[in-house]
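Presented sequentially are two complexes of subunit A, the first with subunit B as partner and the second with subunit C.
Let's turn to the complex of A and B:
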């Protein structure tokens, strides 16, 4: 019963005007209007090829970042919180082979801090996005399938959550807890819930009208079973693409929290924290801010490229039957 | 139509009430006692209690909220109690907001205009020469820009324009009435940093709508009449293509306050963002409440205005709403 059906609704029918990551906005700039109707064959193929290269580069970079973050303990790195005795503080990039990225303002190894910072930033983003995804999806599926009073009440609550400027909400929650990783994760999760809930709700509304749901209902399946065994599996692909975009946004948001003094406490490195600390030596040692900044931008971009590519494949699969 | 507006208004009021209540609860949950923030860590217990009574902190949270709400309805947002024990020295939240608002408003409006100024020509031209070299280059640049947070863009601009080229001052605020030119020199860089984040979104949305419009019959007709491409693009195609841009602009304008916090902190501007950050850190509930309410209200009003603007831009929406 819980097979994943190929979606039958054209994507235009499941668009929700309030859907923040709707098919229109989620579509990438590169593939916009690239359904092959107006473009000539050669440019379309060329575009697809360039796109494929971009996706592969993104996947490669992500593999590198995630790999080093996971294997950080096995790599030949100095400890991230100790001074490298043999090098002066703010050593520039490329001075020595064993410390290729130099040292920071305290004389700590930049390479080590970048790798452990990647671990921290990714851990925060992944855990927070998973939490937000799980909670938001359940809310979205339940409200979308039940409709009525529940839907309206939750809708107003989510609206209120969205009417908060994101950073204010983030700051308010982050300032409640102790200054540690858990607080940052909780704050980001709350921030991510409405987005997931809206996407899940919009898709559930469309799926609830479909034959397989009616079949299940007429066969006496319980509401619970329909929501979580019939509808939920069909939401997974779209939620995965949203998840990747949310990961990108959370990596940025973690840095924002560091900037207002509510991020991961030092000496633990995180990319946002490193960018914030590097700001003080912008004049004398700009590499301290731009090395983590380049890593952050590349990672965010990679998550977006892969997420958008995935979203487009889903849209194409739905529209181009 | 009236029913529709009334429904929307009711929902807006509920949302605002919830926002304000969330804020009170959140700040109440936050650790740290405002009394100690005011008096210092070594305050005597009786002094702390006096401050509590003064601020109403000894009463239950719903009572305080009801009081606050009653005052707000009468237009009184209370007084800020940040670092000021004596009643006379306290500033009213309304005054604090009105003195910070022009700075944030200038920053936000300028960055918004800069973003539109860049995005509209880029979006229109990219749609006109879809798939061409310009279009491709723009989309590549956009994909980098969209992934670059303002806290990276701003230091980069400072590094290039201030430290390397020495063209602009680094930080600080000069008010518009004191010295308009100096004011512009201080605000242009932060505003550009904020604008760079918005340009891709605006241009991409406009380009997509524009491509749709350019396939319409009335564009073909306008071209057939022998009008120049520029006239067709600007006079005929731009207006019907601007709906998504308008929505996006409305949403973005509401969100800009978040970006403004970072930029104001980075460049030491005494705007709403700095005020908010400062008062959150000092547990100054009244000021936080005031600023959050103000921002949420602005956000909701802007979105309402966008809804109305639709009916102006596209008569079909007007017909549908009245039907």
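Let's turn to the complex of A and C:
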């Protein structure tokens, strides 16, 4: 868990789109048995079908996580920072129905901390990804359309930012600022800008050659108008797909920061922080690490599955235009 | 309405292009896309520009609109209603484009923005140039769509381009171009990407619109049949240069440049017996990277002489018709031409035998 996946989008775009996504996630036993007789798992139809199941499972999981995170205050949960008196610390999963996930090392409700942790992680990831998306997209569109010196200069700066190891950059920013949510968001945003800028620039370069841009120019549209009213709306679908992939990377990155102690300050829960705290009792109570870790892995995978599915659908749709 | 090349007073003309050259630096060398082209156009007149791919006709239209890439080196002047378009500040130029001069592009599949509704795209020039309100723009858009023959215009306003057929999309781009009643329409191969049956409809539409609004039009095409009966004058381009220009009938009936003759001969005839061989022009379109002096068509010309390869033939008028000019040392039908053809044939035999 100590490795940060850099939110560097092009690499995930290069990834073979035919690669069956979500290992095992979309493979229900019935389907395997049923289709196995007629088709091998590698044929297009079987793979597409498995993939569709994977996408649905991913969407379901994300709905569950986002739903509970949003409705955390309405759920019958103990406060995340209060010790549950009726249970000893590190009580196992499934011991009691009102605390299905047991308690952590201090005796606090795991279920509550998991849900509030999800809220924290999602909030940070969404805000940071939106900020990075907005800044990166504007940079990408302007440099991609204007070209020339501005493009070269900004390109060098972004490459320098990308060349920096993501975790080092994150830790540097996080250790300069105060230890709070804002600092984490700023750090992640900086990290995300180059990815968005690259994708937006690449798409803008292609779109600027299209005749509708020529049409707009021949109608007397200003450069500003062409960039943000003609080109930008065309970027929205691909940016949405990038956004999901970046969200996945940011959730991991936030977890990593919390794990190394630079994330949100305790007692506020976050998944990375929970894994960090559970480390001390790995031998006696491994569920303290595994519960948040599984949630984190599933969420990240789900974002990636949905994001890649969306990206492929868009690529396929491009041809028809 | 004297038209012709250089014979009119430039001040009276709607559009006056003088010595326009466009060059692109490329890794292979300097591409002379448009080489010293001049023509004038009067109010309500149609000029057909004909040439094969790479003859520079599209670049010519785009450089009139200043739509060429920033690397292009342009010289010469483009005067529209007495104003030098090339010297206009960007702001002033934008108020001319779309309002006084508009352009229709070749491919209706890509010339409309795929993520904007037809209504919004039509409203854009109206709101920009005429400062129309949203409601005015909408009702005017409906009128425009109706005038270009789009059925159910109210419903089409909320459609996206990909919901329409190619012909309908081209009608929409024409509607956009004529939204502000321009005085000049540049149509860059407006029918090339369309089915033959639709081509005719679109061309008729353009002619009708022109008759109603009295706008001038530059009709760019590689198809001589498109120009016949629609353009009053024709300009034939090859390798970035004008090789022949004149009234349409004069060009069709009595062309002087061998390239024009070859082009006309290459048009398949419906009345010809079946299995007649299609006439082709041997060789490939000329490469205009760092060209050496001489006629651009010389390498493919059936009557090329040493002189053609070393000397640029000037544009000169046909003796009895000053409007019709050509750039050839051995024009079709002349005594020199017959001599040249004979010499060529002898040369071929000598080489072959």
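Rule of thumb we're sticking to: the second predicted complex is superposed on the first by the 276 of 321 C-alpha atoms of A that agree within 3 Å, B and C clash if a C-alpha of one lies under 4 Å from a C-alpha of the other, contacts with A are read in each partner's own complex, and residues count from 1 in each chain.
Note that in this section contacts are C-beta pairs under 8 Å (C-beta built on N, C-alpha and C of every residue); 3 or more make two chains touch, one makes a residue touch a chain.
This one's a predicted model, so the numbers in the text were calculated from it and none came from an experiment.
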| item | value |
| --- | --- |
| Superposed partners subunit B and subunit C on subunit A - clash or fit | fit |
| Which of subunit B and subunit C A:295 touches, first, second, both or neither | neither |
| Which superposed partner A:230 touches (first subunit B, second subunit C, both, neither) | second |
| Partner chain in contact with A:212 - subunit B first, subunit C second, else both or neither | second |
| A:160 touches, of subunit B and subunit C: first, second, both or neither? | first |
| First, second, both or neither for A:191, with subunit B first and subunit C second | neither |
| Which superposed partner A:283 touches (first subunit B, second subunit C, both, neither) | first |
| When both partners are placed on the shared chain, which of subunit B and subunit C touches more of subunit A | B |
| Shortest CA-CA distance between subunit B and subunit C [superposed frame, angstrom] | 11 |
| Contact residues of subunit A, present in both the subunit B and the subunit C interface | none |
| Interfacial residue positions of subunit C with respect to subunit A in the complex | 62, 65, 67, 70, 93-99, 102-103, 105-107, 109-116, 124-125, 128-129, 162, 173, 176 |
| Subunit A contact footprint on subunit B (complex, rising order) | 11, 14-16, 18-19, 22-23, 26-27, 29-31, 130-131, 139, 142-144, 146-149, 151-152, 155-156, 158-159, 163, 200, 204-205, 207-208, 211, 215, 244, 254-255, 257-258, 261-262, 265-266, 276-277, 280-281, 288, 292, 295-296, 299-300 |
| Interface residues, subunit A side, partner subunit B - complex | 24-25, 27-30, 32-33, 38-39, 43, 47, 156-157, 159-161, 163-168, 171-173, 175-176, 178, 248, 252, 255-256, 259-261, 272, 275-276, 278-279, 282-283, 286, 289-290, 293, 296-298, 300-301, 304-305 |
| Subunit C-facing residues of subunit A, complex | 147-148, 210-212, 214-222, 230, 233-234, 236, 320-321 |
